[in-house]
Amino acid sequence: MSISTSIWVWMAALLTLMVYSFLYKDNPFYRLAEHIFMGLSLGYTLTILWYNYIIPRVYEPLFLPPHQWSLIFPILLGMMTFGIFSKKYSWLIKYPLAFYVGGYAGLRIPLLLQSWIIRQVEASFLTPDKFTSLMSSINAILIFAGLFATLIYFYFSKKREHGFGAAAQVGIVFIMVAFGAAFGYTVMARISLLIGRMQFLLHDWLGIM
Amino acid sequence: MGFWQRFLQLDRKWIFIGIAIVVIIPLIKPLGLPIKPTKPVIDLFTYIDTLGPESDPVMVVTGFDPSTMPELMPMEQALLRHCLTKGIPVISFGGLYPAYIGMAKMAIDEVSADFPDKKYGEDYVFLGFIPGVSAVILSIGIDIATTFGNDYYGTPIDSLPMLRGVKNYSDISLVVDVSGSSTPEYWLMYAQERYGVNIGVACTAVSAPAFYAFLQSGQFVGMLGGLKGAAEYEELMARKGYPTGRRPATIGMDSQSLAHLLIILLIILGNAGYFIVRRGERRQGIIRRKK
Amino acid sequence: MKKRVPLVITFVTGFIVIISFFIPHRPFGPLETDTLIWYSIILGFTLLIGVDSLVRLHVRQMRRRKAGWWYSIVFFAGFFYCLVIGIMSVIRTPNPFQPGTIFFYGYKTILIPLQSTMFALLAFFVASASYRAFRARTLEATLLLVAAVIVMIGRVPAGYKLWTRLPGIANWIFNVLQMGAMRGIMIGVALGAVAMSLRLILGIERTYLS
Amino acid sequence: MILLLALAFSISAKDTPDDGGGSITVNVYNIPEGTARIELSRLEKGDTLFKEAGLISIFKGECEDVSVIDGVEYLYRGKAIAKDTFYIAEIKGFVTSSPQWFNKSRTTVLIFLILFGSVVLTYIQLAKKNPEGLFIRKLPALDAIDEAVGRSTEMGKPVLFVPGLEAITDAGTLASLTILEKVGKKVAEYGSRVIHPNFDPIVMTTAQETLKTAFAEAGRPDAFNKDDVFYLTYEQFGFAAGVDGIMLRERPGAIFLQGYFYAESLILAETGYSIGAIQIAGTNATTQLPFFVAACDYVLLGEEMFAASAYISREPRLLGSIKGSDLAKVVLLFMIGAGVIFGTIAGIAKQGGNPAYMQIFNKMLEFLARGAK
């Protein structure tokens, strides 16, 4: 294999190198790539907006039968956000904002209770089949101990004294081990990403592997 | 002492150069570190390997976009290669989201170029993107032809010889979802639980542990996780003497191992330096413990 | 008026959405999906505000001839290029991501490399961050370090070569030691977010309306 | 083909529970050996012909017919098709579908909600009546704001505040706004400047208002420059590239990364480190916490972000709600602890031949499992 003759491959390769040049220091090449990136991604976002939102969610349901006239309401709310373009009507945005924030707060409460809190409590229950061996019961107890100490660490309204402070300290120990493990765990995937880029440069562009 | 002190203040650029070197060199000159296939990978490989030209087709689903391509593209290609080598009919499905179809096209184009004797429509087919996500999965369970209508190139499904007699999941031997997100759970919920079709999964190293539970309960036939999983699959193919192409994952694994070792070496040296310098400073009374 | 009405709106929408979670009967049942669709429509409008802000920023830079103002020309070139070919592709084909369209070409050869290169910077940063942060300064830092190193090495073939039990230990750290603390953090985040949401609905937390 | 009326093969149908109507659940039992698929058909009362109504999963033996109309009576028939034979079963009487006013499967969530809500509300009321004696533990990351902004001003450098990559609807983004308010006041006091790039346009407009108010409250309304709060892009890595560019060119002395972040967290934090800024991070994204802890000077861990507003303002009602969710933690710990102990006892007792405890334990688990669905 030899070096690529495709202009597209060259463009992709040069952009890749421009971005990496930033690891050395800020330079005109990185700045160029950065601005191309910003411009393209904004144009890209608008295209996706058109394709994913305006056509299927506004145009089609509103103008094609059966007309969903109720959609005029969110469209009006959406237009109210344009109030910020004028000094006099900038407060108009507070209405859609309130609607937005309130609705999501309402959506979040039962969903968090359901899939985060109750699910985690359920998962923490020791089902007796976890007691199949000595090791598995030790594991189960360790998981509970970690959970217990971590929740104590997040207890805000009590002074950290005596046993309580010690439990919070144990909480930090567990939290740190967890962070270390999670960090080490993602290293692999991150290195894979770089390998992918390098394979592109060495194989697709330069053709030396 | 001077050396360690300087080492502790090592400029980040040297670390970056080090990482670049240990990633690039094995790519050009592979070291060939041994790869030991693990059970989930062997399971999936063996399942596909027992199939043949007379079996029902295998469906390979593309479930990733460019961001996870380095890990997942080698898997998709290895799976397609395996099927074409064994003569198993393959349906390549372009995915549940619009951005995936481009990845699917790249994979099928590159692999089919290595199999000039395999004919499109008879040995493999390519189905495009259909909006609907879970509705699409369900709909394939009822009728493939009405779900898709045409293949990616616009040919009616009914006129593709390979898909004659393939009505729905009951005529498919395995669905493998090559996914960078949580789509394997959809396939599990809507295709496997509902229609009982076998599911295999190929996913990133980050999402692999989340799917282990399903693997243990036997809901997935097997699993490839991360670049390591892809490399193991390539290794299994090589052991059987199948054509493996460039083996991008295997080549990458050397870099992966070296980069990990370099990071660990840096951590160890950093700590050694830290202790040596601190002991020196404490001896000179520079450090006073802060309360 | 300008603050009270929005607070009432927040309360009423929040309350209705909560109860609709428990009532499948019309008109409450479909409310959850309906509001999500409504929000996505509002979101579409707000994106235009973002576009306006960014375009203004660059126009300003060009007008004032600030150092490096010509980068703003690059920005506009990229923006209009993508917008024009994007809209053309959407009009011509039902899916702009269809391989073969000009939009897909631009996407594949410019946007994808930029995205994946930025993403792949993490490989370098993971290395530099671990070199710097993983020092055995305190007990906690030591634990962070040990856990990270074991998990890191346990996940590559070299780890297995080093000691056959290493991958098992790495898994144990990840599945047992990590699990309890992560669960605790998750429960904490969820409780905090629920309490925060209650405060929002009740109008106690109102920075967003300032 | 031969028609076989296998006695065991049977079918039942009932209105799908806990839904908004328009659905009937059909179950099949004793599916004959060798069945390839089961076709479902239905007869509307008054009609004479059965119409196709989909397939029943062999795996689950269940199917939901969602094409029915509430109040209309239907008769269902299942046809199990094997290689060269088929079996037919019909339901006993007509069924209809109807909507329900309460989703019983969500009772557990409702109980949790009522308990949690009333605890928090009670503590808010108590705090209003008795504002003394409310305590909140130290959060060093918030205490460090003064120092960070001060040092940055001394060096003549601006402050950078990144509100994360989520919309205003995310609880973390809302929490970051209260922190921004505090940072804004300090910046105004010191006469410095805060740069605020945005991923979401609504967050941008809200942050503009928040900072405007903060500057006004600090007595420097004229010092606020709206153009310092601007939009970048709606693309994850494009945003990261842009913020990195700002860091390298503006060289802020203090960087606040507060809100919900994804994989770009470490890209931002490492670039921030490289320019020597004090970094104060905070996120409710549990997956990104390890990276912030490794690369930043101070971090608000998860829930600590949501306590920030109470910590900064010391408003009794906010402190009360913090106390309320603390109590909820204790209750949850007791529940889990009880489950753990009871599960252990049940496990031991079962091995000793006494399954009674097990039944109670399973009931508890079932209650939770129903809520978590």
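The letters A, B, C and D name the chains in turn, as written, and every chain counts its residues from 1.
One rule holds for everything that comes next: a contact is a pair of C-beta atoms (placed from the backbone, for glycine too) under 8 Å apart; a residue touches a chain by one contact, two chains touch by 3 or more.
This one's a predicted model, so the numbers in the text were calculated from it and none came from an experiment.
No other pair of chains shares as many C-beta contacts as A-C. Between the Cα centres of subunit B and subunit C there is a gap of 23 Å.
Per-chain Cα centroids separate subunit C from subunit D by 14 Å. If you average the Cα atoms of subunit A and of subunit C, the two centres end up 3 Å apart. Chain centres here are Cα averages; for subunit A and subunit B they lie 21 Å apart. In subunit A, the residues that touch at least two other chains are 19, 23, 31, 33-34, 37-38, 40-42, 44-45, 81, 84, 97, 100-101, 103-104, 108-110, 113, 117, 121, 124, 144, 147-148, 151, 154, 175-176, 178-180, 182-183, 185-188, 191, 193-194, 196-197.
Annotation for subunit C: residues touching 2 or more other chains are 18, 21-22, 39, 43, 46-49, 51, 54, 95-96, 107-108, 112, 114-116, 118-124, 126, 128, 130, 132, 134, 144-145, 148-149, 152, 155-156, 174-175, 182, 185-189, 191, 193-194, 196-198, 200, 208.
Multi-chain contact residues of subunit B, defined as those touching 2 or more other chains: 12, 16, 19, 23, 69-70, 205, 228, 256, 259-260, 263.
A complete topology is adopted by the chain contact network, contact being made between every pair of chains. Contacts from subunit C toward subunit A in the complex involve residues 2-3, 5-7, 9-18, 21-22, 32, 35-49, 51-52, 54, 68, 71-72, 74-84, 86-87, 89-90, 95-96, 103, 105-114, 116-124, 126, 130, 134, 139-141, 143-152, 155-156, 170, 172-191, 193-194, 196-198, 200-201, 208-209.
Touching subunit D in their complex are the following residues of subunit B: 12, 141-142, 170, 192-196. Subunit D makes touch with subunit B in their complex at residues 36-37, 54-55, 57-60, 274.
The touching residues of subunit D, when paired with subunit C in their complex, are 18-21, 99-103, 106, 109-110, 113, 116-117, 120-121, 124, 167-169, 171-172, 174-175, 177-178, 181, 198, 200-202, 204-206, 209-210, 213, 227, 230-238, 240-241, 263-264, 266-267, 269-270, 273, 284, 286, 289, 291, 293-295, 301-303, 305-307, 309, 315, 317-318, 321-322, 324-325, 328-329, 332. Those residues of subunit A that touch subunit B in the complex are listed here as 23-24, 185-189, 191-199, 202-203, 208-209.
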